[in-house]
Amino acid sequence: HLPFSLIAGPCQLESRDHAFDMAGALKEMTERLGIGLVYKTSFDKANRTSLSGRRGVGLEAALPVFADIRKELGLPVLTDVHERGQCAEVAEVVDILQIPAFLCRQTDLLIAAAETGRVVNVKKGQFLAPWDMKNVVAKLLASGNPNVLLTERGVSFGYNTLVSDMRSLPQMAETGAPIIFDATHSVQQPGGQGGSSGGDRRFVPVLARAAIAVGVAGLFVETHQDPDNAPSDGPNMVPLSEMEAMLERLMALDAVVKASPGGR
Amino acid sequence: HLPFSLIAGPCQLESRDHAFDMAGALKEMTERLGIGLVYKTSFDKANRTSLSGRRGVGLEAALPVFADIRKELGLPVLTDVHERGQCAEVAEVVDILQIPAFLCRQTDLLIAAAETGRVVNVKKGQFLAPWDMKNVVAKLLASGNPNVLLTERGVSFGYNTLVSDMRSLPQMAETGAPIIFDATHSVQQPGGQGGSSGGDRRFVPVLARAAIAVGVAGLFVETHQDPDNAPSDGPNMVPLSEMEAMLERLMALDAVVKASPGGR
Amino acid sequence: HLPFSLIAGPCQLESRDHAFDMAGALKEMTERLGIGLVYKTSFDKANRTSLSGRRGVGLEAALPVFADIRKELGLPVLTDVHERGQCAEVAEVVDILQIPAFLCRQTDLLIAAAETGRVVNVKKGQFLAPWDMKNVVAKLLASGNPNVLLTERGVSFGYNTLVSDMRSLPQMAETGAPIIFDATHSVQQPGGQGGSSGGDRRFVPVLARAAIAVGVAGLFVETHQDPDNAPSDGPNMVPLSEMEAMLERLMALDAVVKASPGGR
Amino acid sequence: HLPFSLIAGPCQLESRDHAFDMAGALKEMTERLGIGLVYKTSFDKANRTSLSGRRGVGLEAALPVFADIRKELGLPVLTDVHERGQCAEVAEVVDILQIPAFLCRQTDLLIAAAETGRVVNVKKGQFLAPWDMKNVVAKLLASGNPNVLLTERGVSFGYNTLVSDMRSLPQMAETGAPIIFDATHSVQQPGGQGGSSGGDRRFVPVLARAAIAVGVAGLFVETHQDPDNAPSDGPNMVPLSEMEAMLERLMALDAVVKASPGGR
């Protein structure tokens, strides 16, 4: 079993300079650690809690930045798509198309993403049982694309709280798809601040350790040099300055888990 | 307070003839009962559990049928939209645009629906606390459209089950929007049949009675002349032959509720 | 179907005078309304959130008060028991032994209560599915006591919140036992005030209306002349001064529900 | 930080011979592994789903066996108590009194257990938020006993399912009490087989790995030489023959976790 890969970056693409700063810092850090990196950032936060939340630079401004990060830094890029019409255009400049959790049952979006031939990473809906993701995988396979990743990001536990059921990792792995654990959105408190979502980043390393110990192909962590002033998901992003120590610890754990016979 | 209105129809638009049969029967029934009717049907089931589920006749085939039901039967029509690009076209032939629960946080879709000027009915996401719907209403109001309905359809209670918290009806009513109770999807067991959703229609009248007693502006019930052979949501649709008796009983309840001072 | 009966009283037995004041006022009120009354009060709050919560006057002080309320006011009395050793003694002076929700699976307590021959009212555990109560009923029946009531008081929905699933009323009724809805504890927020439980009494009439409309044999409501200064459950008790108007409204609803053929 | 200790044994005390066989085998195994062992077994299953479930040998028969296991095998013993009257007697022959999850709010039971001076292990109720356990700890401390352990065993997630929120481990650790993870009851499906509880032992090592990675003082695992024929909790007990390999793997994980600076 391979060591876990890292999908990381700031929640939003804020500007070309910010993206290069973040991607460059993460590239250096992961090269030091010997860990595979996919750079993640969003061009549009299409489902903010309220209108006043900043949405990002938009598709047109983002695509050239994605292209340049791939070319100049040599990093694979992941971003999320929200409508089928975006898939083909975005697929030209990114390596992985991500389907947001709320949209994981939207058949047309899944098919359009699959038809690009790019890897498709589907986040499990907060409202779905883990075993229901087999139907989502089947939609993608039937569209001719076997390059599917599934991401756990917590299940709704009622009222402004999510819980991560660690059993979902092996349950989703029965589909054959590599499993990613999103340690950032799993600690979200949806709508928990009234007009925006809250969260508690202290639990990011806690849940990341748990998921790595269960066995995952990848870890998804949003990070920012100054999360408390980030335009979205600040309460649950890990400060960039704390990433390296956290990753080192997780790598040691991952190595032990995957060395043993039953490890993934 | 006005008596409750009824939003009813088969889950899918199956054919022009079937639509006219169903709409005609419901029109006769509700005229007999003296109850306001909105005819509901979907042109596309965009988020079926699996690809093998039938999706419906599609937008192009449906729009003329919607137009004719309005013109020939004089009924207002409601249908659900899934992408912002559909809103303007659909709005030409229906009275109410409905936002599906999974999509209730998709800002662009909400804005596009609001900008048509039509009434917009938003179903509360299975993952949202009732009080979080105020942010959804604010998105619509800020787009210049005050004609908003909110619909309760159950909250996810884990694994293949929904629960309807009746407190959500007055909690959502604090937004000022009229509140609808969807008695059909509240008894759904999402993904409960493996490759499709299950449900238990025996609880439709149970939850409908509860919601009417709490106080609602409208009731949403899907119905079919032969639910067990319907292309979708069969387990939770009420047989057309049982609708009239159920509605009569609910009207008696509603009259008592709304006669008393604290009634809605 | 019979009109609903009322199980009501203050959460705790505070003193003989207070008990007679409350019981007398409720007796007058229910006689005016023509509604059956069981007087409910606890001699010991055995599971307070914290030690500093007041527990009540205790068994020895309470039993003569129970006896006198029965004799002097002619009211049936209900109280809750916490250990098997209490059952026989308590049964001598009350009509209904109540098993608290946390204890609904304690076999010895159920058997000891059943063996008194008194009516036994079991509250459904916050952790149980409605259909699991058939096993609880079977324990009582096998102990030779068919006089069983089951009470719904909400199911845990995670973190300091309960939700009342109205489907549980007909689901539990399949056992053949009369079903009571506890509108007071269903609006509790367990542990929601840190060192004590919170609640929101505004939702007592909301959930009571819903339950009556679904169909119940009885309604359980705690009341107090000054809930905000009551020693326990203050946030969810209904002020005595508001009881009569609420009950009148519920009786009108109940009459409509039970007049119709499918009514319980 | 110390390596994790193991609390293990069969769910029920079945017979003296069986107890000595199990305790002996676990003692040998844990000595080989260099891991601390507490022998766990129950003299009475006081809250079986139904009356037909076997309850165990009872208090009188069990106490001499507990005493002999301590004396002859030199093992500390843990058992659960259900009524305050049992505490003093049981405390004479065991090292740790365990409070069952359903009973974790019963004040008298907590006080009686605390007053024995023995270590008290309280299982978190399936209905409690993790932070609510601080009130339980306070009840024990106020009774003069600081020797408190807290055990996570899953929170009710509705209908015949539990979920283990791994955040609860550090949240409960804020009380200062050592935290145990019960990997056996966390995979229970309460009432899931109609007349008895189901479970899925495949997830015992999954959740154990997650908890060890988060950081715990102890692990609770029920085991049996033939779980499928055990009188209770068969579906979630680990076969004795699989324990050693699982423990070895968990020890390697634990060592890595506790070697790093932030480890517990």
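Letters A, B, C and D name the chains as they come in the text, with residue numbers starting at 1 for each one.
Just so we're on the same page, a contact is a pair of C-beta atoms (placed from the backbone, for glycine too) under 8 Å apart; a residue touches a chain by one contact, two chains touch by 3 or more.
Everything numeric here is computed off the predicted structure, so don't read it as measured data.
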item: Chain of greatest Cα-centre distance to chain B; value: D
item: Pair with more cross-chain C-beta pairs in contact, given C-D and B-C; value: C-D
item: Whole-Å gap between the CA centroids of chain B and chain D; value: 48
item: CA centroid of chain B to CA centroid of chain C, Å; value: 36
item: Centroid distance [mean C-alpha coordinates] between chain D and chain C, Å; value: 33
item: Residues of chain C engaged with two or more neighbouring chains; value: 155, 157-159, 163
item: In the complex with chain A, residue positions of chain B that touch it; value: 46-51, 55, 82-85, 102-103, 105-108, 125-129, 131-132, 135, 138-139, 142, 155-160, 190-191, 195
item: Chain C to chain B touching residues, read off their complex; value: 155, 157, 163-167, 169-170, 187, 202-203, 205-207, 209-215, 249, 252-253, 256-257, 259-260, 262
